[in-house]
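Got some structures for you, see below.
Shared between the two complexes below is chain A, which has chain B as its partner in the first and chain C in the second.
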Partner chain A sequence: MHSVLGDRKSVAILLGPALLVYSLIMLVPMLWSLGYTFFTGSVISGFTWAGTANFSKLFDDPALPDALWFTVKYAVVITVGQVLVGYLLALLYVYFLRRAGSVIRTLVFFPVVLPTVAVALLFQKFFEYAPQTGPVNAVIEAFGGTGVDWFSTPGHAFLVVALMDIWRSMGFYAVLLYAGLLDIPDEMMEAASMDGAGTWRQIRSIVLPLSLPVLVSSLVFSINGTLKAFDSIYALTGGGPGSATTPLTLYMYQTSFAYGDYGYGSTIALTLTMLCLLVTIFIFRGTRRDLAQG
Partner chain B sequence: MASHFKPKHLMAAAGAVALVLSTAACGGSSDSGSTTAKNFSFLAINENTTIAKTLTTLSQKECATQNTAQPLEIKNQAQASLDQQLQLLAGQGALPQLFTAANAPSLTSQLADNGTVLDAAAVSESVLPAASSTIKSLYDGKQLVLPTELNIEGIWYNKKLLTDNGITTVPSTWEDLVAAFAKLQGAGVQPISQAGKGGDGWGVTRWVGNYILRQQGPDALKKVADGSAKLTDPQYVAAADAIAALGKAGYFGKSPTSIDYATALNTFLTGKAAFIYMGSWALSDFNDETKNKIGVDNVGFLKFPTVAGGVGTADQMPANVGTAVAISKKAYEGDANTQAWVKCIVDNYGTVALRDSSQITGFTTDSAVEVPALTKEIQTEIGNVQSSVLWFEGYFSAKATTVSQSNGGLLGSGQLTGEKFMQTVTANLG
Partner chain C sequence: MKRIPGYLCVALLLLVVTYPLVWLFLGSFKTQDEFLNNPTTALPESFTNFANYTQAWSAVATYLQNSLLTVLPSLALIVVFGTAAGFALEVLVWKGRQTTLMLFLAGIMIPGQMILLPLFTIYFNLHLTGTLWPLIITYTAIGLPLTVFMMATYFRAIPREVFEAAAIDGASVIRSFVSVGFPMMRNSVLTIALVQFFFLWNDLLIALTFTTDDSKRTVQVGLLNFTGQFGVVEYGPTFAAICINVLLILAIYIFLNQRVMRGLAAGAVKG
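Let's look at the complex of A and B:
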């Protein structure tokens, strides 16, 4: 093995094609997009040199802080929601549903494999206010409440988006964390139990510390996905009402492809990249400290 | 076995794969780009079925010969994402021969400026002068689209609902109209049916635009485009506030932000609302018994009324060519089959659309075609138009158009003040 990997030609032959494809479909468009940040226009109108105008525009654009704030708010809420609910489900699988666990696991995992657009349409119908009354409003009205126009106010629309995305992905995080929890030796739990530790104490002092690495991995997965969220929001609210649920990804897409301003769209993409980079650095620094302590 | 896989072979194989991939990537353009396209492609919008229906009829009858040489192929697109689809296709050089013109006229002009859209003046011998002049006023003197519609817009009403609720005189002023809304609302009847979901918010912004034109005269929106006035000026904000007040009072229904175009039209045609602002393109729906449950004789047309103290008049009619179609220059030039198809459309579309769908177009028609009474009435109205005006977003960029229309629903539900709406649109005018 060493003789093969020590041979430069072999390494080049093994890595070359993958590197070439990766460069062509990932690095080249990224660098291309970076280049666009110094231009204005589109493939239709043509491109003109804009210098740093697109970067100045970032600070003057009233829609950008809103989109940035929504992206951060969405990422934090959904990440916490997905991982927390996933963790609770995993605890449920391991400690309370040992026998029926596989059936429940399958049912909870089911939304993960459903197409995003189908789930979005399902939630649109669930929370419909007009012209028909959806099941959620029907239940509210049955209990004497007043139906809520879920998609017409920013707060309510965000709530539905959050509920949908947490419901859609909690099964995935539950399975991921379940795998982590299975690694905790039963003997340790039994010993704690014999020493008189209650369920809560066992979770706090044994389960939580021992499952911390897989929890951190889940957080990294989740935050990476939620910062780049596009399809679920686009299909559910289209970024509305107005632009109240428009994240940076959707704003970037609209700017580039609907408004025909590739330069500014690329600058928004760069902003998102910087945000992802900051979050990644923050997470990995935190993780390294944990490992060092461990 | 392994000895056969020498680096040279692998490099050659990788090169071959790269060549195949690059050929596939470069060859992704549709057949429309070649000189002899296999099909005659048309990009339609979901919200307008008349054009596709008329073209299909033409392909079977009047243009059957052209269809044999180049069979008609229709693809559909949601109107809200039409502009971005056109930009993507144009960027790839893959526009079909015929496509629905962009929502934002500025985009069609841009496509013409870079040589993508054909100036249809040379193929428009059967286009009516009125349609030609409307198109030219929209596209800086160029005739960039074929007028598959020639519309006037106004407020359509359910005659029976009005008389049943004691409104015996059709309102002719804004004040009378608002009083009628209040009366209907009081009687438990939804006064106006209007879409406000996502990009369908144009239904509400049309009210804003017309109020501005009635209050300040037909040049009011042109002044904004010229920079001599701003939408945030008090008189413009007052117009948006007047519409926001209708929304706050619930006159646009339970939740305009949840209603799309088809639902809004259906609400009116099933007698659940008394008024709807709409263009005469909807005549095909009004004349369709399967859709119109209130009866075509029960539908009345009202010009957008005058506003007290305003300088605009009800005769200044919102007119447009509605959903028009544009021709890809690249696909048209050098393809004799496509040219024959376009000529056949120009020669026959007007008659077939009027005969089969009661659709008034900007093409000349066969005078022998018999049309329903409502269509006849609107034809007369169109013939009487002396001065036409554009819609609210007529002079806006693609971005401002999208922002305006996607915020229209919020204005119609009273959640957005006139001032906030105008500020949002102004920030995106560019």
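Let's look at the complex of A and C:
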């Protein structure tokens, strides 16, 4: 029997196509990209050997620390925001709406599947200053304030990016965390309630510790995605004003295609990959320690 | 009385989630004049003004066609290759299958930026950059890691006896995949296809990089350039174009929302 299920020819036929496509389109280009870090130029202008010039440029380039810092700042702020808002929503679903919240859960989830570009353009118009006054500025003016040109200052632009990313992903984290909260036995809450614990105390002493594992995995998913964020920022601010909202992903794209430097572009891509790898290892070691203690 | 703050929270939540979308929809019926002179929160003067949609459609129709022509073939390939590989990695017994699974798993973590430049070089040298092929090929490859991983997980839940029985009955491995394994996975395959559909349909990075020709733009790239196409922003048609993009997804979501939510939560490893 094992000889049948271990037939090498069948393995090759079933696994072959996927492995071939994956290797040729992902693994080979990845190694190829590593090779590019020693060259300068592009496919149009041709490549010339650059030795380790790209790597020394990495340390001299004043734009790189900015992009790196923005990547980290964006990842941390959005991750915390997404998971925090998602968690609050999940608490609302479980302890206020109970099982009747299906329609609301479904509705809040909808922006998750919307195309990022559509959402970004919508937010651009929603926060618009001129010529049309968007709803946000209209509300500010209705309350007697003066409208804000959201996309002209770094701080405001970042705020809109953050609000947009939280708006379009909170439903996802809410559902993910909701599933985790449902696993907490009702008896435990009832017992605590009988012992005189209030709602806040119940959440702090029972719900929070018990939902810690699913909170941690949400943080992991979120940070993995936000470190690589490109679409939402490219479509909403284009990295501006200036380069104030330019993460590594966007900086790599501009370097490669606007300035035609594939070599330095690949070096930035490598920096990004190393960052993702470091964060993943860091998280894995962190969570493993938690498990060992538990 | 105790529940009032809760109801307020829910009302605020609904307002925050739906108002931007409602505002978008209302805007798609407004004229340029209404956009510039009426308050932004006003209702459109006419709900039967489809001029914006006709104007938007003339551009968006090509983009939609391009998106369908790239996403659907990629989806078919992803599902067939991915399910077969998941079967080979989980049901079949051979040395090195754990390592191979880990190799696929690594693909989930790789940022797209890491493969963009070599792929552009390859497609450029093969003279594919003016066609949809670069998108179909790249989409298939980036969809595979998650699909293989999820299919392997789903196959793990099926008792091995099922496939051993098929083998005893004289079915070859390929036969037992085609007639037993794949049909059993119908439900999971549909879920994965749906999840991948959203990832690919909403992709900007790959489409932006590999479409050099205006007539080959996908919906997302086209939409991005739609706003920049005119000297002055033409609000109505832009809103209508965004609206078409949103309504299309809404149409799918209305029928399949539970499956979409379950699938995306299961595929959360992608982040």
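By definition in this document, the second predicted complex is superposed on the first by the 274 of 294 C-alpha atoms of A that agree within 3 Å, B and C clash if a C-alpha of one lies under 4 Å from a C-alpha of the other, contacts with A are read in each partner's own complex, and residues count from 1 in each chain.
We adopt the following convention: a contact is a pair of C-beta atoms (placed from the backbone, for glycine too) under 8 Å apart; a residue touches a chain by one contact, two chains touch by 3 or more.
Since the model is a prediction, treat every value here as computed from it, not as a measurement.
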| item | value |
| --- | --- |
| Touching partner for A:Asp149 - first (chain B), second (chain C), both, neither | first |
| A:Tyr129 touches, of chain B and chain C: first, second, both or neither? | first |
| Partner chain in contact with A:Ser45 - chain B first, chain C second, else both or neither | first |
| First (chain B), second (chain C), both or neither touched by A:Ile13 | both |
| First, second, both or neither for A:Phe257, with chain B first and chain C second | both |
| Chain A residues touched by each partner, larger count belonging to chain B or chain C | C |
| Partner chain in contact with A:Ala179 - chain B first, chain C second, else both or neither | second |
| Which superposed partner A:Leu208 touches (first chain B, second chain C, both, neither) | neither |
| Touching partner for A:Gly242 - first (chain B), second (chain C), both, neither | first |
| Partner chain(s) touched by A:Pro62 [first = chain B, second = chain C, both, neither] | first |
| Chain B and chain C contact sites that coincide on chain A, given as residue numbers | 13, 17, 43-44, 131, 257 |
| Touch list for chain A against partner chain C, complex | 1-2, 4-8, 10-11, 13-15, 17-19, 21-22, 24-30, 32-33, 36, 43-44, 89, 92, 96-97, 104-118, 121-123, 125-126, 131-135, 138, 167, 171-172, 175-176, 179, 217, 220-228, 230-231, 234-235, 248-249, 252-253, 256-257, 262, 265-266, 268-270, 272-273, 276-277, 280 |
| Chain A to chain B touching residues, read off their complex | 9, 13, 16-17, 20, 42-46, 62-63, 128-131, 149, 151-153, 238-243, 254-255, 257-261 |
| Touch list for chain C against partner chain A, complex | 3, 6, 9-10, 13-14, 16-21, 23-24, 27, 35-36, 39-41, 77, 80-82, 84-85, 87-89, 91-94, 100, 103-104, 107, 109-122, 124-125, 137-138, 140-142, 144-145, 148, 163-164, 167-168, 172-174, 177, 198, 201-205, 208-209, 219-220, 223-224, 227, 233, 235, 238-239, 242, 245-246, 249-250, 252-253, 257-258, 260-261, 264-265, 268-271 |
| In the complex with chain A, residue positions of chain B that touch it | 7, 10, 14, 18, 80-81, 83-84, 87-88, 90-91, 107, 110-111, 113-114, 116, 198, 253-255, 257-259, 263, 267, 397-399, 402-403, 406-407, 409-410, 413, 415-416, 424, 427-428 |
